[in-house]
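Below, chain A partners chain B and then partners chain C, in two separate complexes.
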Partner chain A sequence: MMDFGFKISPSSAINLDNADLSLYDELCKAEPDICKCMACGSCSAACPANRFSGMSVRKLIIDLQRGKKKEAVKMLSDCMLCGKCTMVCPRGINTRHLILSICKLYKED
Partner chain B sequence: MIYQGKQKIWADYQKEIPDDHWFYVRSCIRQNFFPGAEKMFLEICRNVLHKDFYETENHTTCGGIAYHCDTIPQETVMTIVARQFALMTEAGYENYVASCITSFGNYIEILETWNEFPELETRIREMLWKACRREFKKPKYVAHASDLIYKYRNLIAEKARYRLINRNTGEPLKVVEHIGCHYSKMFPSKGVGGAEYPYVLCGMIESWGGNVIDYPERRHCCGYGFRQYHVKANRGYSISNTHKKFESMEPYHPDMIITNCPGCPYFMDRWQYAIAEMEGKTYGENGYGIPVFTYEEVAGLVLGYDPWDLGLQLHQVAVEPLLDKIGIEYDPAAKYEGLDHKDLLRPELPGVLRCC
Partner chain C sequence: MIGMIFILSYCLIGLVRIILQLPKEDRKRFFMSLVNPKTMAKNIRDIFCDCLFHVKLWKRNKLLGYMHSSIAFGWFMLIVIGHIEVLLYTPHRAKLFYFPIFFRYFVAETESTMRGAFFFFLMDFFLLMVLSGIFLAMFKRLQSRLFGMRRTTNPSFLDLVGLYSLWAIFPLRLLAEGFTADISGGSFLTKSLNYVLNSFLSDHTNMLPAWWAYSCALGVFFIVLPFTRYMHIPTEILLIPLRNAGIKIRNARKGFAKAEVYSCPSCGLCIDACPMGVMKTHIKDTTVYLNRQIRRNNERRIEEISDKCLLCGKCSAICPVGVEGDKLRIAQRSLRKYSVNPDYADISSDALSVHAEGKVLYYAGCMTALTPVIRKSMESILKKAGIAYELMDRDGGICCGRPMMMAGRFDQAREMIERNTRIIKDSGATTLLLTCPICYRIFKEKYHLDGIEIIHHTEYIDRLVRSGSLKISRDDRKYVYHDPCELGRGCGIYEQPREVLSCAGELVEAAKNRKESICCGGSLGSLTLGFDKRKAMTENALANLTVAAPDVIVTACPLCRSTFNRYADLPVEDIAETIDKKCV
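For the complex of A and B:
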């Protein structure tokens, strides 16, 4: 193959038709509040671990909605369960409880 | 929603395009990439539709490439553009049509900036006077050349010799339309159909018999993006963009791509060769690529002009399979014959991408 001095980066496109969302559907039943999230990012801004590890509940929820399980589970290991995200959520979502439910469902998997 | 309601909403996305008397400015790069396109635009407008189009050899670049590459400030671009407007004023025209999408976006951006900051316009007028003793009136209408072909699309369809139909199956051709980003993404009200529903190329395709393909990355950039290409270290971004688009359109098996921007047809055409060489992948049938055209070239084809007079031999992706599909007559032996039967020499064939 010819080398032009630059490369093609892998596409970041996500095909939702092929994504396995069965666990996310289960999560929605267990934690219906997740549907209230408007991705404002207050949780990420308040997260003390965010600056050091990139932990972000907003990103976590988006990853789950897109079927990106591996990335979500990896991010969960950075959470200290301090609960600051719960305190700042403008939609009143109990994000700490949500994270525990995600741990139960996804880590078993 | 009731039909009248829909029509009312759609009316907000329309653009007023005068029928005649235009001052035409060319693109810096199109004549090198697709040399027949601009000539064909003037040929169709002047000799087929008998419209008044004026152009002057004194016009220069609009400065758009340097502006978008961050190498000159906006005041400089404004003074260059002011000089173009002065040429239009001197020629006695009020309607300004640009061949290039970036120029079009540039003119609109400058006119809108002057509306918001009139003191800047005064300064530019002063700078232009000091630089070359010229004065100008702002154009009454600014259009992109594709707006005019869109306006004349039904007149062209009436005179057309061919339609965008597969002559073997009788089915309409599957056509991908790609709108240049600077057409309506910056100022949606200035493009036909706005940023959400740009209809300028769809209208042409539908009038000339083709079927428009809707695919996920339809509104994605072609990959040119100025700094993404002009800085060599960034070229990976450029080709990755184009690759993403082709991967997205591939399942719909498009027969051809029509674009209205100088950069888009070039990059979508040439990057197919680079992708084939880098990944061994081609997107057309039987190892060919998907041919990419400018809207003027397609207008010329349906009107029955010789494909080699349209400059189609300078495309990287072979156009012959598509010409055969439509049933357009051409002489394969004349492909690399220039004016007065001058031999243009044959290019080296690529290793992976099949070419005729």
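For the complex of A and C:
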């Protein structure tokens, strides 16, 4: 192939048909509030851990919905459970309990 | 007789099991404290004050106190005097421990000397005392409000059996002794009853069913005792020396925690105290019911109850026996297994390090970051007082660890504590200033900063005012101070903020204050209660604060401030804001 000095970046598309969402469905049963999230990002803005690690509950939920378990678990490992995200959530999601439930359901690998 | 042997062996086995369940160093500590004369004296005093005289209940409500101490102390004296009588009259029988209980049945002796009459009088006097207590107890079932209790516990079936047999023991004893008073002697109560009974029942064989009924009631009570709330009577005697030895809960179900659970008398004082109690649906989530479910090993309910609690600690503060509802719940939470465990090792220290040689290091904490007005006011106060300070977490920092601790994940909390300790020690600061009581509590309890003073801003402002570095102008506004749970009950700071506020204006008190202040409802302690479900609690706490018609509600916790601010009609301020506005 000819070298143009640049190339097409790999696709970041996620095929939801291939994603394994069984754990997410289980999580939805335990935490029905997760469906209320409108990804406003208040939680990420309030998060004190965000500065060191990019911890963001909004991103976490989106990752889980897309079946990206590995990224989600990695992000969770920086959560300090301080609960600021719960306090600012305009939808009243108990994100702190949500995080604990995720910690129970998902596994580190 | 059977009841007595059963209960004694049950208590003995329970005692040995609890002591064996204690960790080794705690066990050693416990036995050492038993031979230490100072704690020994304290143990004896506490056992007398709490188990017999119920001093704490007297302080709460006179009727409630009388009811308990009359039954407990009266019964104790009946046993003591009964034994003295036996020793005096039939010393050779004193070894049979059932003998004094049924003394009047066995001994047919009329004693007309002064000494005999005196003992008989005492026996009757204490019997009357117990009877009056029993009568009050019956009355309390119908009208608990008169005893200062709006709500009481729903008794379980066995509790009712225990209760009714306890109620039956003493009237039956009176009846039985009344029948035999002319044979074995009696005093004002039993003798006069004997005359009444003799007037229509002159046959002495009538006394047999009465004595039988008395001994049956006694037997039933002692046999059901281990399975009812009355187990608190023997357990409390164990709990007091354990507590005085300085032992803490280490295992959620064993050792000290078990002693606390079985010491719960199911009195239900915590139901009225619980801030969640304003909503009827939460009544069954109070500490009484937690203890009951732990006894029954109902895992689903234990999890539900321990996760819902706000951990304000009020139930522990008012508990007459000293059951620590908040610590018990944290211990239950620590049993949970998580497959994802946070790890903070990869957070780089470079971004977090501060230099504050010889200065005051101010750790605002994440909650103050959400209420920046407190940080601004505190910095302004420090500047006005001419204090050299440095902010530790201007752009956010590592959490103090208290929320993680409250979720029962001790290892993660410890990791945060270590990180923070290193940052603080490396900074070279002499004082660590905190504006958040949640942080303050864990810094006081779990951090070892060798020599660096840990101080809450209420204490610090009080010190600045006293030393004259801060001049506050007075006005005639009325301030009410809300005691944050973690600062008041958690760390015992009640006076300093009040001192400061009384310099700024007129200080009025809430209906329930200090140790009994009502949680704002915003606590991070609860894992399952969403913030949308806490409005009723906050409104209840606000109603309690505004009874004396204050102009401003002042608190010393960023979390209380933001929670109250949502629903209050009055301005809500942190103490730093109030003082910053008033000082020149």
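What we mean here is this: the second predicted complex is superposed on the first by the 106 of 109 C-alpha atoms of A that agree within 3 Å, B and C clash if a C-alpha of one lies under 4 Å from a C-alpha of the other, contacts with A are read in each partner's own complex, and residues count from 1 in each chain.
The rule is short, and it goes like this: a contact is a pair of C-beta atoms (placed from the backbone, for glycine too) under 8 Å apart; a residue touches a chain by one contact, two chains touch by 3 or more.
Given the structure is predicted, the values throughout are model-derived calculations rather than measurements.
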Fit-or-clash call for chain B and chain C when the two complexes are aligned on chain A: fit
Partner chain(s) touched by A:28 [first = chain B, second = chain C, both, neither]: neither
First (chain B), second (chain C), both or neither touched by A:104: second
Inter-chain angle, chain B to chain C through the CA centre of chain A, in degrees rounded to a multiple of 10: 160
First (chain B), second (chain C), both or neither touched by A:19: neither
Partner chain in contact with A:62 - chain B first, chain C second, else both or neither: neither
In the superposition, chain B vs chain C on chain A residues touched: C
Nearest-approach distance, in Å, of chain C Cα atoms to those of chain B in the combined model: 32
Doubly contacted residues of chain A, that is, touched by chain B and again by chain C: none
In the complex with chain A, residue positions of chain C that touch it: 307, 336-344, 346-348, 351, 366-367, 369-370, 393, 395-399, 401, 403-404, 407, 409, 412, 416, 522, 524, 527-532, 562
Sites on chain A touched by chain B in the complex: 1-2, 4-9, 11, 13
Sites on chain B touched by chain A in the complex: 216-217, 232-233, 235-237, 239-240, 243-244, 247-248, 274-275, 277-280, 351
Chain C-touching residues of chain A, taken from the complex the two chains share: 33, 46, 48-53, 73, 76-84, 86-89, 92-94, 96-97, 100, 102-108
